[in-house]
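Two complexes follow with subunit A in common, the first pairing it with subunit B and the second with subunit C.
The block that comes next holds the complex of A and B.
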């Protein structure tokens, strides 16, 4: 089930709850894909000037969506629901999760329906498509991030036919084990979409 | 930025010697504006011909930024038979799916019924897009040009909009989900 990341309201809010209930009942994962038109500017300080800012900004928009989903208790209420974050990268996943956990430790009385640390919900429920793959100068930094996110949570994607297509023969650095490679390229997707 | 497509010899049946992969974000497109009509009630044909859906409104609808490439897509991805990038399954197969041995694809059509203010039209278009994908996958499953057979199952992608709460149940109630073996 396809949702977009920019909406009228943050995706965890009540108007979207029937969607999550229906998805869990039907056994369908939800994809949250970059873009969308909610009638809101695409940043918290209004409209930026350049397309490049929109492209970079997808990670910010997806963070809003994911934080809302976690903190409104969507995963707490729907323990079987799975989500895929699509086309917003995943390099930001650890830092968002650390920040969510830290805030939750101090402010959890505001959201008693969030019974576990946010990072646990994210680790249990969220998958990440790999395009656009982050490309740091030091590839070991990328592998550190993937270690945190989990090799079992990545879903290879190309975004065909878009211009920022990722070529499957070029995305992974050397030194990845066969098991992780197979999970990355196929096995995780087969499991998530119920085809394993 | 644009990957140039080099004409390669037709892959032999041993194309599957290459590692099989899933592609979890493919964007199929419609070749023509009436391609969805078989999946829409007649009332919506007339509605779209008379009123259409809104095209653009200030900062609220339509691409807010120029896209760097036509349709934000690879220039080498225009199908030879015409139509926008992503609208020809046979060309998608030749350019991407077969050379990369994509055995599972997750289709995420964009520019569908999402964001349309007429909620009934929005729900109708979202549902039509689902039916369109299933049909397109089925036609494609009837065989590859080289005669090899595809997996007979194909997976549908679903879209949802408040006000169309029955769509997931409608899909889930159908026998045997389809699964795209590309």
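The block that comes next holds the complex of A and C.
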């Protein structure tokens, strides 16, 4: 089931709960894809000036969606629900999770329905598609992030024929094991979409 | 053209909308800051219940950093694919020439003239004391 990251309200809120219930019951994963428009400006300070701000901003908008989903207890209530974060990057996954965990430790009385550390929900339920692939100067930094996210949770995506598509032959640094490459290019997607 | 009385003005305060069927047409009537508008509740794109979408504004920009957000609450955004239509005319913003939502004129009539007719008011009891929301089909 496809949702977008920018909506009328943050994606974890009550009006969207019937969708998560239905998806879990049907055994379908939810994809949260960048873009969409709910009438809200695309940043928390209003409308930005440049298209590039929208492009980098997708990760911000996706973070809003994911934080809302975790903190409104969507994963707690739907243990079998799987979700894919699509086209908004994944480099921010560790830092958002660290911040969520730290805040949760001090503020968890406000969200008693969040029974486990947020990072656990994210690790258990969330898959990530790669396009646009993170491209740091030091490729080992990228591998560190993927280690955190999990080689079993990352799905290659190309977004061809968009102008910023990723070439499958260039997207991974050298030194990735055959098993991880198989998972990255094929097995994780087969598993997520129930085709295995 | 028939004129249909669909509510008293008090039943449809500003910021609210009423869904109804006239003949076989699903229609929604909106009160936007005291003005009334009617739209066919069927998106010209793929037939979604257009009128269940949020009312948003129109964002336009002539230059980077110059943003105008106008027509607040006057743009209806279809819940299915986000297409935006002007509530006053049904005009779409994605392709004004090819796509338009069907708009119906809606006016307020005083009870005195409504009582006289000719109006179709099957379910509303009309009296001279109230004002009525009237849709022209």
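Rule of thumb we're sticking to: the second predicted complex is superposed on the first by the 196 of 196 C-alpha atoms of A that agree within 3 Å, B and C clash if a C-alpha of one lies under 4 Å from a C-alpha of the other, contacts with A are read in each partner's own complex, and residues count from 1 in each chain.
One rule holds in what follows: contacts are C-beta pairs under 8 Å (C-beta built on N, C-alpha and C of every residue); 3 or more make two chains touch, one makes a residue touch a chain.
Since the structure is predicted, the reported quantities are computational estimates derived from the model, not experimental observations.
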- In the superposed model on subunit A, is it clash or fit for subunit B and subunit C? clash
- Item | First, second, both or neither for A:186, with subunit B first and subunit C second | first
- Message: In the overlaid three-chain picture, which partner chain does A:157 touch, first (subunit B) or second (subunit C), both, or neither?
- Response: first
- Does the superposition put A:47 against subunit B (first), subunit C (second), both, or neither? both
- Message: If we overlay the two complexes on their shared chain A, which of subunit B and subunit C does A:104 touch? Say first, second, both or neither.
- Response: neither
- Task: Pick one for A:87: touches subunit B only (first), subunit C only (second), both, or neither.
- Result: first
- Have a look at where A:18 lands relative to subunit B and subunit C in the superposition and call it first, second, both or neither. first
- Message: Please report the subunit A residues shared by its interface with subunit B and its interface with subunit C.
- Response: 36-37, 39, 41, 47, 50
- Message: So in the complex, the part of subunit C that touches subunit A is made up of which residues?
- Response: 54-57, 59, 61, 64-65, 67, 69, 75, 77, 82
- For subunit A, which residues are in contact with subunit B within the complex? 1-4, 15-16, 18-19, 22-23, 25-28, 31, 33, 35-37, 39, 41-42, 47, 50-51, 53-54, 84, 86-87, 129, 131, 155-165, 167-169, 181, 185-186, 188-190, 193-195
- Message: Which stretch or stretches of subunit A touch subunit C in the complex?
- Response: 8, 36-39, 41, 46-47, 49-50
- Query: Okay, in this complex, where on subunit B does subunit A touch?
  - Reply: 1-3, 19-27, 29, 59-62, 64-69, 72-75, 77, 85-86, 92, 96, 100, 103-104, 106, 108-110, 114-115, 155, 157-160, 162, 165, 167-169, 171-172, 177, 179
